[in-house]
């Protein structure tokens, strides 16, 4: 499966509510030289720009107006655990967890 | 001692490297038409250039990343591709304008029609990219570019009214008989001429070419902080030299020949010769720099081997891009479009495109994981944010002003 | 969240790949994850390089066009991009990816080799 | 980017649009023409006088004067292609046309004298340009 098959896909919860689009793939690094990457989940939301620029990371604190702006834009981003993914369709990804039970991405971000 | 020499050299290079056909045309045009009332635009643009030039150097030295590595990483493939397209097109136009500019200088010196010179200049630019070592390119042309100090000398010898020059410069206002939009349009063209994106791309990639590391950061910083402002002095003295000679009749400067009149009046033939050497060096260097920056940005986007530090056979795709840009730009000039018109259009479009290159730079300069303790200081971020705001305003104001003034008529 | 959590944007996509000798191989244009046979979490099995990997990410007509060009450049009009498999990777940080093979061993080298042989190599002074 | 190109194309189209319509606009165009001609003549005179003082490279003075001549020609062509909307405008046209012709022909004289190294001819042509220059300076104020 290629990354492009996941990124940008619409995500819907069991009730058919739109959770947003996949912005980013979240991995856990393991292995002896830390080159093994396990996909543990997806980041979904409406606006991807802040995430793309790196503002969801803690080490990335820009001029504060930009930090505030981009973090505000990605405030609704949600984290979907890989185990919650039910089906990856050509148009959308269906998940098992209802939208309101998802964690906010900012709370889990590295 | 050698260190001091290297720094002096770097600074002098920065002075010469700052000025190109865009600066020459816009500075003289505005000087003859608006006096010093637009000097603030040059000062403002130079301040921004210093701020972001220093940042580009620091990012290149510390994180070992050149401009388009950063752009692609931070903006994502798609937006970065749009950015690449816009920047490459703009640099191509700049390259065309610079090639035309060199051809015009050669026309003035030899009397041979400039269109005959265009392919010769194109070939020269390409040969320089192909063979001349990077350091030689920067140093030789940068130093020769200092000949443009004749404009400052001319200013002393001409019947300059220093008081009113100074007064105009620090109390900017729209001169009588001119409309506000036109005045602002030319302010934008001056800002665009100072901040053309190829300069930052070249500056950051050049840092990688010279294998800058944290050790060299002081030099890089000094070059930016001292070199660019001194380059601004060159631009301003070109602008000011027009005032005593061409301003009284508000001559519309549309030809490079007109720019040399104040020099001839003050310093005669010798001054003219120095002017042409300076013009040639600055504009020719800018032509190579803009061609290289196209190669740099494309190769960095796709992750190819790039740079003059490699033999061409080791970086073949980079050289193919540079070669094709030189051919395309030369071909464009051979259609006999007016080089001065191309220049003005280019600097105005450049003004609109400034934030594209500067925003990702600001973002990365704040990333602790990349920059460690060399991240932007608070005051740098404060100034950079204001500058970014200015750039966005300029970029948004450009299209309507272009329209309203019919490109500055 | 525990240590060792990274995201594709921050770590994988669009990073520069260097070979064993520090020669540029390309960028991480896309990544390949595979669900293991035992059904556990998918793991990263390869980095994908070249226009056929980049094209779909660019999207739209331009991306399709880009993919088509890339496909023509590949031997046998292969659509699946060049794979840099996970076992070739030596180090992997936010800055770059280093491999334990040389660029010449990878099929990403075709365009480079072609331009070198047919364009740049024919101009005097290229070496 | 596409928007910018469109704007440029639109600007081009506006710039190329043909004859002016109202009398007011026509007056504006005349004033603009006069202003442009003032600049052109002053430049040529400057170059010629500096050349006479031996302060110019011959190729430069030739270049500047030739450019001036060509600019004046194109200004003249543009002006003549405009249709004056009424009688008053037509009178204005005649007022500007006479110095225009004079200026272009004097600039040609100047260029010829310059290339022949004919100093007297150069001086005469440069001085004679004062005539049309005065007329244009007056006309720049009509709008």
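The first chain written gets the first letter, and so on, giving A, B, C and D; residue counts start at 1 in each chain.
As a working rule, a contact is a pair of C-beta atoms (placed from the backbone, for glycine too) under 8 Å apart; a residue touches a chain by one contact, two chains touch by 3 or more.
The structure presented is a predicted model; accordingly, all values stated were derived computationally and were not measured.
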### Query
For the chain pairs B-C and A-C, which is connected through the larger number of C-beta pairs in contact?
A-C
### Message
Suppose each chain is reduced to the average of its Cα coordinates; what separation in Å results between chain C and chain D?
### Response
60
## Note on the structure
Distance between the CA centroids of chain A and chain C (whole Å) is 23
### Computed distance of Cα centres, chain D from chain A, in Å
65
### Task
Just give me the whole-number Å value for how far the CA centre of chain B lies from that of chain C.
35
### Task
Would you give the residues of chain B that are in contact with at least 2 other chains, written as numbers and ranges?
76, 369
### Summary
chain A residues touching 2+ other chains are 52, 54, 57
### Query
Draw the chains as dots and join the ones that touch; what shape do you get: line, ring, star, complete or other?
other
### Query
Name the touching chain pairs, please: which are they?
A-B, A-C, B-C, B-D
### Task
Spell out the part of chain C that touches chain A in their complex, as residue ranges.
1-2, 4-13, 30-35, 41-44, 48, 53, 56-57, 59, 86, 89-92
### Summary
Listed in rising order, chain A residues that touch chain C in their complex are 1-4, 7-8, 23-30, 33-40, 43, 51-52, 54, 56-57, 82-83, 108-110
### Message
Looking at the complex, which residues from chain B come into contact with chain A?
### Response
74-76, 360, 362-363, 366-369, 376, 381-382, 384-385, 388
### Message
Give the list of chain D residues in touch with chain B in this complex.
### Response
1, 3-4, 7-8, 10-11, 14-15, 35-36, 38-39, 42-43, 46-47, 50, 53-60, 62-64, 67, 71
### Query
In their complex, what parts of chain A are in touch with chain B?
48, 52-54, 57, 59-66
